[in-house]
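One chain, chain A, appears in both complexes that follow, with chain B as partner in the first and chain C in the second.
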Partner chain A sequence: MFYAQLLVNGLVQGLVIGLAALSITLVFGIARFPNAATGDAMTLGGYSALAAFKATGSMALGGVAAFLATAVVSLLAYLAVFRQLANRSVVSLLVASIGVAFFIRAVLGVTFGHAQQVFMAPLSRPYVLGGVRITPLDLQLAAVAAIALAAVFGLLYFTPIGRQMRAVADNRDLARVSGVRPGRVMVALWLLAGGVAGVGGMMLGVKTIVSPESGWEMLLPAFTAAILGGIGSPGGAVLAGLLLGVAQEASTPFVGFTYKIALAFVIMLAVLLVRPRGLFGRVEGAR
Partner chain B sequence: MSAQSVAQPVAADMTERGSMAGAPLLLGVEDVRGGYGEVDILNGVSLFLRKGEIVTVAGTNGAGKSTLAKAVLGLLPRVSGRILFEGADLVGLSTEDRVGRGVGYVPQVANVFAALSVVENLQVVVGVKDQRRRIAELFEAFPLLAERRRARAGSLSGGERQQLAFARALMTSPRLIILDEPTAALSPAKVAEAFELIARLPSLNVSVLVVEQRARQCLAVSQRGYILDGGKVAIEGEAAMLLADERAAELYLGRTEKRHS
Partner chain C sequence: MTTTRRQFVGGLGAAAGLVAAPGILRAQTQGVYRIGALCPVTGSGSPFGSGMQKMIGAAADIVNAAGGAAGRKLEVVYEDTQTNPQAAVLAAKKLIDVNKVQILMGTWSSGVSLAVIPLTNDANIILMNTSGAPALSTPPANAKGLSYRYQATNDRFGRAFAEICVKEGFKRPATMAFNNASGIGNTEGFRKAWEAKGGKVVESVVYEPNQPTYRSELQKVLAANPDVIVTGSYLADTTIFMREWYQTGQAVKWIMPGWAASPDLVKAVGPDVVEGVISVDSVSNENAPSYKAYDEAYKKATGQPGQANVYAAMTWDMVHVLALAMEAANSADTQAINAKIREIANPPGQQVFSFAEGKDALKKGKINFEGASSVLDFDQYGDVTPDFGVFFIEGGKLNRRYVVKI
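Take a look at the complex of A and B:
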């Protein structure tokens, strides 16, 4: 029973990692750099959701606020920074994204203070299924995540702009000679990548705390999941996030929760050494 | 080195494939220079293509063939000179705008979206008026693709891939299609098939500029040809004349093909 309980906890944790990894893998696949600002975009999502939750008492509206606020800030970061550096090296863009990360964190620190804040969600009786406790809050969070994921995958696989995004990820020059305008694809990408990171940030905030550093600490597990899932594979990122979440929870009886992050690091190293293209990644050809 | 240049084709050079000497000019490349970095790869290329023609651009590796194709499409970072398409200069326009004006392109490698399905490869093309109908037309022209419409493009065979690459480029009903080494990735058995396909294109109202390593076979389906050397046109003329030309054969076309018919 104990492990079944860890599995449930791990799945909720895994959704948080999965959403963040999805954001990273989308940006990496289409804009082609590792976006280190993803963690702080999550923090922004946490604060936005908290503000909306305090104002309305609705977790769903919190999710909407997290999605919108983070999507807009993410788009602004693209317009102000990443678009200007579009033809630079991956390293320039990575360093720029670290700058964006510190900027977001500083603004959040100044605006909301550095004290930890929490969602004062009303206590409610957990459902007990064969000895496993599942709180209504976890179910709500899972529902918000599921809706966000359904929206993203629906857009990616069933709309023209989603098809264009996948085409640009696959072969940028071929997309251009097919008449695809990269600018429009980039706007869609950054709105989407920001939005899912924001929803992940809200979940993180509800499950733990909201502080200016909380999202940054998710960056390593999120990158691990993105790599494990195969860089550029949206489905792989989410699945790897869930796997990693469960693995982290399942490891706590043995190594203690403080080493959860270390576990992510070990898994990342192992994947890079043994199967660099991850579970679902394609072999990257030199172009 | 005295460049043998036939800038003004004369009626006497007419071949059995028919000269297009009277047809209007579709593409005019005038003194185009440029490259990726500091060094120019194209050193003043000039060529033209008339409506309805198939024109070969041949030359050794590094002569600038593919770079020229990229320059016409706007995929080369640095270009000077003029590239006239239907009378309007393309230089300065974005790649998407050039495609919108009627220029299609099939790159040498990675010429399909491997992660997308066959039908998605066609659906993704922007600026097609009646997309459903155009896809139906192309599936009729390429029945093999219709059969595999749901398959991932990455899982297609070399020949199927080639057909999909052509079909994708034809989605916008371009007036000019530029093919970059269309037979480079094909098994020898499929090469003849590819040239048959190319020869068919003018009947679909598409003129063709082919950059090709297999210059002899390509010239055999072309009206005219250009041989590039060091980023410049070294030899140009009617296809039949280039095939018969001793010096062209010696230097660029490979001289071993005695049995060539």
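Take a look at the complex of A and C:
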């Protein structure tokens, strides 16, 4: 029962990590660089959701606002920065994304101040199922995450633009000669990656607090999950996020709370050594 | 590459600026004493940091208005620690090497102060901090005796927590500590004092910052069935675990340091969740005229009462102690100032409450500056022993029930 409770605790944490990892892996698969601005895009999602939640009192509208605002800002970042650097090396793009991250964080800090803000969601007693406590808020958040994930995967696998995105991810040159227009794909990608990060940021904000630094601190576990899931594999990223969350919590009786974070990095190290392509990644030839 | 006229003129201007700059700097150092105000404007110290900086500025203005200290005007250079040791070290390096400050003051959170103190020791300048970690008292951190602490040590906080447990009749305390020198200092100080009284701590957990949930940590502590949980925590993490604790429905009392159980916590989680939480903080020297002056300055600068920020009272005192020690030493040399700090702050001597008053009294003899934050009597380690206010959160308000002396 004790472990079942840890499992539930870990799933909630894992969903947040999974959404962030999904955003990272989408960008990596298609635009081919690790986007360090993902954490701060999450923060932006947290603030937009909070603003909408304060204005309307609805968590669902908060989620919509987080998705839209972050999607738009992420697209702007692409148009203003990443598109200009599209043909540069991965390192230039990585450094540029760190710059975008700092910019978003600074703007949020100046606009909203550095004091912590919280979602004043009503606190309610948990449901007890066979001795395991599950809070209604967690169920709502899980539902929001599930809807966001369903939308993303639906888009990726059942729409023409999704097929084009996957085609570009598979083989950019082949996609281009087959008549896929990379411009449209990139716009769709950045809207989607931003929106997913925004929803993750809202979940993080509801669970914890909203402050300009909050998303940045999620970046490392998110990268770990993206690598573990196999870079470029959307399903893998979400599953790896969940695995990571559960593994961290389930390890605490053995390693204690101080070292559960280190566990994420031990897992990442093991994956890189044993199975560098991750759970669902493909072996990529170097060209 | 061709150079356009505009580029050329721009380059010329920059070059001229470079040539002229040292002259400007030299001109400024005449009769100026530079203070580095290194405070937590962002990060978990953000509820306090900007108020702390404003009071350093306000106190420096008062000193300058009274003719300066040792014939010098005080000039303040501000930096943000981000409540993060790495960022604080970079900021301290910049203040010391680029701005050439002659003292650093206002560091908050022990991790930050412990990271910065090797730099101030190397530069042979004084560090005035508001951190609680016991390690700051002794070598290697305080090897040169240049550290002054305006906050009670975490050890003293722990002792106060144990006194409160006795007074409130708690029998089965558990502890939760944020994993840094201050958080663990609080709970270890408590454990030592509590075990010295013959008690036993039923469970203790050390947790990491920035986690999306602390439910597993709570699960472990609550499984031991404590009647009170003593924390060494900060605002952000406390916000998260208090909400999660409330949702578990298990009844338990809490004793927390004041920087965690603050009005901001009530605002963040709502009054129901924190009803009955005991918040412990060092009490400012509230009946002293120095506190009144501080309170007015704080209201003017921030629109809030001085009580809202005990650390701002400490930084206010830092500038006063520095200026009076400079005045007594009639020098801006660190060693000379350092030799005078205990002399002007501790008894014996005429009690003074403001810089102008102290400056006058120094002409006649010894003084004993009584600060806004405490009576400021530094022991051999540069530590002060304030009294502790015990606040109960009732209906969303922090009500002070009594004061504990240790």
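A few remarks follow.
The rule we apply is simple: the second predicted complex is superposed on the first by the 279 of 287 C-alpha atoms of A that agree within 3 Å, B and C clash if a C-alpha of one lies under 4 Å from a C-alpha of the other, contacts with A are read in each partner's own complex, and residues count from 1 in each chain.
In this section, a residue touches a chain if its C-beta (ideal position, glycine included) is under 8 Å from a C-beta of that chain, and two chains touch if they have at least 3 such contacts.
These numbers come from a predicted model, not from an experiment.
Residue contacts after overlaying the shared chain place A:A167 against chain B, while chain C stays out of touching range. When both complexes are overlaid on chain A, the residue A:G179 reaches chain B alone and has no touch with chain C. A count of residues in chain A touched by chain B and by chain C gives the higher number to C.
Within the superposed three-chain model, A:V91 lies out of touch with both chain B and chain C [touch as defined at top]. Contacts of A:E249 after superposition on the shared chain: chain C is touched, whereas chain B is not.
By the touch criterion stated above, A:L273 is placed in contact with neither chain B nor chain C.
Put simply, chain A uses no single residue to touch chain B in one complex and chain C in the other.
Of all residues in chain A, only 2, 5-6, 9, 12-13, 16, 109, 114-116, 118, 120, 123-126, 133, 135, 137, 204, 207-209, 211-214, 217-218, 249, 252, 256-258, 260-261 touch chain C in the complex they form. Interface of chain A with chain B (complex): residues 160, 163-164, 166-167, 169-171, 173-181, 282, 285, 287. Residues 41-43, 46-47, 82, 179, 205-208, 210-213, 215-217, 219-220, 235-236, 239-240, 243, 246-249, 264, 268-270, 272-273 of chain C touch chain A in their complex. Residues 73, 75, 94-96, 99-100, 104-105, 107, 110-116, 120, 123-127, 154, 168-169, 171-172 of chain B are the ones that touch chain A when the two sit in their complex.
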